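Note that subunit A is present in both complexes that follow, paired respectively with subunit B and with subunit C.
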Partner chain A sequence: MDSAAARARASAGGHSQTAPAYTEFHPRWYRPRISTYWWLGRWPYVKFILRELSSVAVAWTVAFTLFQLWSLSQGEVAYSTFTRRASSPIMIALNVIAFGFLLLHSITWFNLAPKAMAVRVSGKRLPAILISGPQFLGWFAISAIVLWIYMVRT
Partner chain B sequence: MEAKKSHEPIFWTLFSAGGVVAALLLPVHLFIFGMAVPLHWIHGPAYNLLLSLAQMPIARLYLFVMCSLPLFHFAHRFRYTLYDGLQIKHLNEVVFASCYGIAVLGTVAAGWLLWRI
Partner chain C sequence: MAAGGTRVRTANSDRSESITMARNIDIELQVSRYSPEQDLEPHLQSYRVPIRDEWVILDALNYVKDKIDGTLTFRWSCRMGICGSCGYMINGEPKLGCATFLKDYAPGPVKIEPLRNFPIVRDLVIEISDFLEKLKKVKPWLIHEGSNGQGEYLQTPDQLEQFRQHSMCINCLLCYAACPISGLDPIFIGPAALALAHRYNKDSRDQGSAERMATLSHPDGIWGCTFVGECTRVCPKHVDPAGAIQQYKLAAAMDGMKSFLMPWGKR
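== the complex of A and B ==
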């Protein structure tokens, strides 16, 4: 498959070098069809797709929160219905899976930041840990504060 | 095509900002209300206290940002997951409209709920 692609590219390149006469016909590049499951073969590809799929957990968590806020606005009975539904085994299982994906998102996101922004101090690039480190600390701090806010209100 | 290209930085900025908000704020929220309270690890806040907390202007703003921006993060990332993973480029417009439709609807819903709460 690869050699066929290479041959096709080589021949296409060869044609362009000889500068053919103008024609209405534009040949298409030879592109072998890639399987829909191309990412299943190697772990880095699987990790990439899992990381991208974490966005579904993000949307799910927002939907869950909107449902919670709607219940909260509808009164105490509606809110107790929400807490009862959130306690069903299916919902707990879904939320545990979603939480795993959220953690994957947070960790990969903070680890990506040093690669996305190259901070230079006096000409030297700052070590990755000095960029991702504060973000992890900020994440822990915010999580602790939010947890504390809800805990003191029980 | 040209117009779509020029809008890409806006969508990417929303993706990026939403990614930060989602990474910082969402895990703890889902941990508390999706796991810790249902599994009785901690006691959930009483209804009246939670309501009065959600009615504080700063909390409304916090919850609005927490709901809205991550949806735009989702829209961008999921769109490209469908493009790359399933290779459905021919459904470009449908995927685009669905993903950002969800983000806009969710944002409107969050604003409306938090306004009236």
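== the complex of A and C ==
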């Protein structure tokens, strides 16, 4: 488009209220703005945000466990106070939500491993299941041992 | 004879077009329009085009350009998924216009917009010089000093397989449109450039990994990636940029650990 004509039209009042300034050889690019809620439209993005949020749950669980250990070291009275507080409905709800996020965190972490580890045997890349599988098995085995210890002790 | 053949093809083409129109088998395209001289922001414009089994989105856009509205502006070149020019957002998904069949969107409408996360020059044309600068930063070429005195540098099939997948990139920029980090953090180097850097690092003929390290092992390089994984999902050439970045992260972490534990050792 002839920029002189565009300027003349703008100065004549044709589009003077709405037409953008146009400079020859320097076209005005449109830069789309990203909405704060960009992640709500698509499930992969929602999943990504939930996975990132899961790190808060991990931090909470670590702090909770450390506080539990500290209470245990302070004697029976301190530990019984801790268990009483931990069994309140709000704390139980918080820990159930945190547990859900921990599962998401662990599963997505183990599923990431085959992407990061391109292991080749005899010239062929190992299938993803052979890299993530042992990690899932180890996770289940350790969980089963912890559960077994808990069952035996109680 | 050539002229006769052309006439026959034209006649067939006209006949099939008239049959298509007669059956009213058409589809609505909603194409994003933006004219920097006239518009403050993009808007959608509707066109009705016939659906044909063999037509891809690019054919539909060319139909609009040839027969309905010659002012529609879009990039395209090879029509066969090699040049990487015709990337658009098709119904919100980054896709190559030449590799996306129109009939898959029947009965429509099909919304066609410019690739996300880039400034828009006009209609469906995006501004890519920022990407080209980023690409240059990662030195996507073979860096090799000296000569082996034999001319060629031979590779085994296994050595080729180390990087072949990542060498398939056609710079179509669909991965940048799919990556939310590229949109939110404009200085992030981005998936395609990082995958190409990894491709050269894994090449047995290359000696430039230390030179690329400064750019790659940076918060705006591999560590800017939060592994959303969408770049890999939308890649039309199965380059797996997300995998390449995670592999490089692991290699950089191992390298860092080695230099911390054995500062005197050879890295």
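FYI, the second predicted complex is superposed on the first by the 121 of 154 C-alpha atoms of A that agree within 3 Å, B and C clash if a C-alpha of one lies under 4 Å from a C-alpha of the other, contacts with A are read in each partner's own complex, and residues count from 1 in each chain.
In this section, a contact is a pair of C-beta atoms (placed from the backbone, for glycine too) under 8 Å apart; a residue touches a chain by one contact, two chains touch by 3 or more.
What you see is a predicted model; the values in this text were computed from it and never measured.
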Partner chain in contact with A:Ala98 - subunit B first, subunit C second, else both or neither: first
In the superposition, subunit B vs subunit C on subunit A residues touched: B
Contacts of A:Ile34 with subunit B and subunit C, given as first, second, both or neither: both
First (subunit B), second (subunit C), both or neither touched by A:Met117: second
Subunit B versus subunit C as contact partner of A:Gln68, first or second or both or neither: first
Subunit B versus subunit C as contact partner of A:Glu52, first or second or both or neither: both
Which superposed partner A:Ser106 touches (first subunit B, second subunit C, both, neither): first
Subunit B versus subunit C as contact partner of A:Leu147, first or second or both or neither: first
Partner chain in contact with A:Thr83 - subunit B first, subunit C second, else both or neither: first
Contacts on subunit A seen with subunit B and repeated with subunit C across the two complexes: 34, 39, 52
Touching residues (chain side subunit A, partner subunit B) in the complex: 34, 36, 39, 49, 52-56, 58-59, 61-66, 68-70, 72-73, 76, 79-80, 83, 86-87, 91-92, 95-96, 98-99, 102-103, 105-106, 109-110, 135, 138-139, 142-143, 146-147, 149-151, 153-154
Subunit A-touching residues of subunit C, taken from the complex the two chains share: 34-42, 92, 116, 119-122, 127, 157-158, 161-162, 180, 183-184, 226-230, 233, 240, 242-243, 246-247, 249-250
Residues of subunit B defined as touching subunit A within the complex: 18-20, 22-35, 37-39, 42-51, 53-54, 63, 66-67, 70-71, 73-74, 77-78, 80-81, 84-87, 102, 106, 109-110, 113-114, 116-117
Subunit C-touching residues of subunit A, taken from the complex the two chains share: 1, 3, 6, 15, 18-20, 22, 27-32, 34, 38-39, 41-42, 44-45, 48, 52, 112, 115-118, 120, 123, 125
